[in-house]
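Right after this note come the structures.
Heads up, the next two complexes both have subunit A, just with different partners, subunit B and then subunit C.
Moving on to the complex of A and B:
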């Protein structure tokens, strides 16, 4: 708070970066859509949109949990492993019926999340370290439970993966419902407001008497539960449980979606709309590159560029 | 040995040092004192090359120098011992001592036997006996500091700067430190000693320089300056000066009820508080007096549960409050306005509205859902009552002026309808207008029956705002001023009075790995 008078140029630059951070993601989505409408053959078809939407659903669901963790100035690297664990549990318990199997899978995710949250809240372990530990452990457990790929031949699961309501796939409906739910939690509940206060300034939240530990534990449990749901849906879509590869690098996609969507890594702010757009942006980027015959490795590099741009915009603005 | 002349240092908006002269002489222990913001740390940073002065020069060994990095100052023989030891905790004592200068054997490998021998000799020379092969972190803080000192001596430091070296030491460790400082003095090393503990200063320092608001207000032999005079120089208040009433917005004494609402008894926090007791009646403003580091903030924090107390009891309206828990204290009706408004008070990225509602949120919710209408009502009430100026309830608090930030924090706590309000430097760093408003608000709140604890480095504010002042020194209550005795003179006399006894001799204990002090245990060097 040294000098509040900014020059004209600074103000313009400030405003530009702010617009870029907050709405750049929507502009990116529109630009990619426009590009594909014009230059990509077979892009404009109901079938293609359906495929895109189904593919984006698991990433978005994981990103919702990630947004909560990032909102507390944390991060959850274990989400990919939680997906693997949930697919293993699902496969193992399918004999007791699909509902039981889904319940166990989600419970597994919550347990991992509680472990993350406890390490962070009670032992003061850095979120990046705590969730890295669970990322390694989680996939280990998943592979012990189910050492190799197994087909999922449950009619219920199959219809979950490929069924629809009026042409809208179940997966997309579930992802949309969860996005609305998380947005509601963040905006309207006491928990959501307190979560943001914890992320904005933890010492202040503590002195204001907020239950900081409980909030952190619940946040990571939510992230675990959402990642497990994503694992269940991905399994249903693939009709196979593959704990070796399911969810690989998912943490990176989720973080990208959140950050590109305008949620600052420094916590205190969560943008669910932006996160949805961020997930769509990554999906479109991947599709665009693949449809134009570029290697998947290009997608990863493109993702890297996008995430750096997003973090740069946020950083420049934060500095002032 | 090392001196600065006419040094000024500007930071955006503040002149941290202006035209400062300071000389550290060989074989002299020079006390550097001053209250918060006086410029002590800036001066130290100029001396050690962390900052470059905007004007003036640094003279070392008779020739002007310009240290551009701390390393250069170190190589020139200037060592700094910070409160927190900057050594490698996992390495052995010997390696830390000889880091970068390890004796090498053939093949360039470290000769451990020789290293241990040399380290042991160096420490014995200072009267310190420890097992030099053990990792540094196994030693107590005091012993670690001793190793840091030994290292400074070993690298041929000519000037040793110590920044509050005793703040985390046991009384016995302090003794050893003083013995070592005595040895440094005999070896012709210039020692710059920064501390707020007056007893220590008078015990070991030869000279003193008092800084206030970035200027040297006094320099000379410490023996020629009595304690009362030193305190008045530090606080910038004259003794016997006619006090002009009405400079602050306080109206004077309040009608307090008979029974205290807050009672704190025997609060003890290791190294910080030693059996502090106080009570406040509804409608009463109790001031906490004392110098920086005397335990004022710690007392407030311990009462509010923000600083875990090792022992002691707190009760509100007769009901005991669990110590060490902020939520428990808040539920009991204790609210703390912290000293560091920016780091611990406001949530800078959240809006005015969110900040005001933060603590009261659970009470403004139904089934976990925020009742926006009620929040708006509360926010509106307090924005009006405290005259919080902002672009609107959705502006980020980080963008407001200091005074308005402070008002937002006050609003946050008033929304909780507290019984006890602990105010730690409520008007520091806020503009004159806001200061007057906050002061009259404090008065108003007391009149409404709130019990207020006021901490302020602004002596005038403390005297005029308080009905009663409890004086702290080194974490002990040393005096209490009531009624007509609430004057600046009495306050300064109470602060300057010699401690009756070394603070808490009961705490002398349990530090098994601490070195013997020289002379004892037959360790003739």
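Moving on to the complex of A and C:
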């Protein structure tokens, strides 16, 4: 499509866009932090940082799974519903102890993920549609299991939600550990390489003898499991199970975090560091707007602009 | 331009040889095509017969009228979505645009019917054009662009309604209110409008040059460009059309409810996409028809109605059934499509 001979101006523009895509998200985080340090009262306090970090943790965990799905040139729209299902299952099985409940919740997420993966890998359904079907059905199942909000009165869950180690909340520690784990898997393991190869070109990966179907299924199962963990953590923080609203629009926030972080939608590349920064950026953006008395409407419009800007910056380097 | 081009470019060369060898479609091939085109209609008829046998209240005038009315608004949204999906795209912003259109219409109705109709059409159409420009000219992925538009439109909606706390009312005696409330020959005006729009949509998609471009772009974009079809302009037009449809549906809905309810429309994009897909339009683009989308909408509403009639079932089952149904239809389509190509 494009000319092979580039003039000097075009090269510079390419490089600028590349820099913007690589480091734009970090620059954005730094800029927002600086802005808040100067202009926002009560921003610089341990308490505030804790609140911000705790709020961003579930979004980040969902975004990690989303990054894997997007890395295979897919997407997982069912994550919000998986969170709802996970909170329902957690509530139902809490009578058997917190460990059993968490196990069941995560197992539920994995089952949804396996269903997504099977539709995509074996039946060749497009990821958007397959996960859309599970998104609709998943929320329904969650509501069938637990029709309305229920308080979670388990000391174990409560301490998971509000406890900390040396001032760092458990939620943040878990999110950080999972981010490191996923980054390790993507960068240093065979599975990570295979995953990126599938995202780069599925026919090529198949010709190279990679187990494409198995990889896809594992990726969506991971995304389901991570979303379920996020659901458990969100439930622990709120000390209530609310399958009606938990995880609503979570797929949006997660996709935004991944895309803003510089992971191309065309697959073949995953940036976990960028995803973390992307999740933080969106959280900071929301906080900044709220602390300066701007309404939620502005937050949504700003988020829309940020998404478009991020995708626009990424487009030049995307596959044609 | 119909069956053979579908997804053909995604297949390896070995699979692509199939249709060339057999000039006349075989029996199995014809069956696949028939199932694809009329499967939803047959299912709809079966569901309606089963429902009317099971529930005395199903086949009453009131119930049918209610179902038709509640289908009308979704159907208009699905009509625009059909064009988008035939080009191989997707429009996730329609739910927000539906709500925005309703609020704008209710606000505008104080200045007369013309404003109440033109304002939502202008704003939603413009957002559709912006979607189309970003997708066609900048080459961004449709789902992410329209996702952002969904957020942005919801933001605009909140901004003009004091963060969703203010509901604009429509004067019950105005002409605008009769668009939603009135009836002609015993059938509600929104139903007439919907039927008229679907006839128009079918004519445009089937018989006009623009319709041929829509199919061509969805079948194979590069081939369409080489044939001289205005690819970018066609794409911009379909997203504008989808925005217009969503805005109009929202306006009609506001007229029907005599108020601009701000919380409407969330999840509507999913319903519209489901309806289009159930109706036999391929998500990969290049193949589809508007009558199928109408059947898809009716089928979804019949399922919803049946679940409501059962009564003892939680409305949450509706989502389970809809989701499962969508999965089954998509799997069946994929299977039929693959079969047709391999044969």
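Here is the rule we go by: the second predicted complex is superposed on the first by the 311 of 320 C-alpha atoms of A that agree within 3 Å, B and C clash if a C-alpha of one lies under 4 Å from a C-alpha of the other, contacts with A are read in each partner's own complex, and residues count from 1 in each chain.
Here, contacts are C-beta pairs under 8 Å (C-beta built on N, C-alpha and C of every residue); 3 or more make two chains touch, one makes a residue touch a chain.
Note that the coordinates shown come from a computational prediction; the quantities given were computed from them, not determined experimentally.
Trainee: More residues of subunit A are touched by which chain, subunit B or subunit C?
Mentor: Touching more of subunit A: C.
Trainee: Examine A:167 and indicate which partner it touches, taking first as subunit B and second as subunit C; both and neither are also allowed.
Mentor: A:167 sits against neither subunit B nor subunit C.
Trainee: Report for A:203: first if it touches subunit B alone, second if subunit C alone, otherwise both or neither.
Mentor: A:203 contacts both subunit B and subunit C.
Trainee: Touching A:155, do we find subunit B (first), subunit C (second), both, or neither?
Mentor: Touch status of A:155: no partner.
Trainee: Can A:95 be said to touch subunit B (first), subunit C (second), both, or neither?
Mentor: Neither partner.
Trainee: When the two structures are overlaid on chain A, which partner does A:189 contact: first (subunit B), second (subunit C), both, or neither?
Mentor: A:189 sits against subunit B, while subunit C stays out of touch.
Trainee: Let me test your reading of the model: by the given contact rule, A:132 touches which partner, first (subunit B), second (subunit C), both or neither?
Mentor: second
Trainee: Would you sort A:255 into first (subunit B), second (subunit C), both or neither based on which partner it touches?
Mentor: Once the two structures are laid over each other on A, A:255 reaches subunit C alone.
Trainee: So subunit A touches subunit B in one structure and subunit C in the other; where do those two contact lists coincide?
Mentor: 203
Trainee: Along subunit C, where are the residues that touch subunit A in the complex?
Mentor: Interface residues on subunit C, with respect to subunit A: 12, 90, 134, 138-141, 143-145, 147-152, 154-159, 163, 270, 273-274, 277, 283-284, 314, 316-324, 326-327, 330-331, 334-335, 338.
Trainee: Taking the touch rule as given, give the residues of subunit B at its contact with subunit A in the complex, in rising order.
Mentor: 12-13, 304, 306, 326-327, 329-331, 336, 338, 343-350, 354, 357-359, 361-362, 365, 368-370, 401-402, 412
Trainee: Using the touch rule from the top, collect the residues of subunit A that touch subunit B in their complex.
Mentor: Within the complex, subunit A contacts subunit B at residues 1-3, 188-191, 193-194, 196-197, 200-201, 203-211, 266, 268-269.
Trainee: Which residues of subunit A touch subunit C in the complex?
Mentor: So the residues of subunit A in touch with subunit C come to 75, 119, 123-126, 128-130, 132-144, 147, 203, 252, 255, 259, 265, 295-301, 303-305, 307-308, 311-312, 315, 318.
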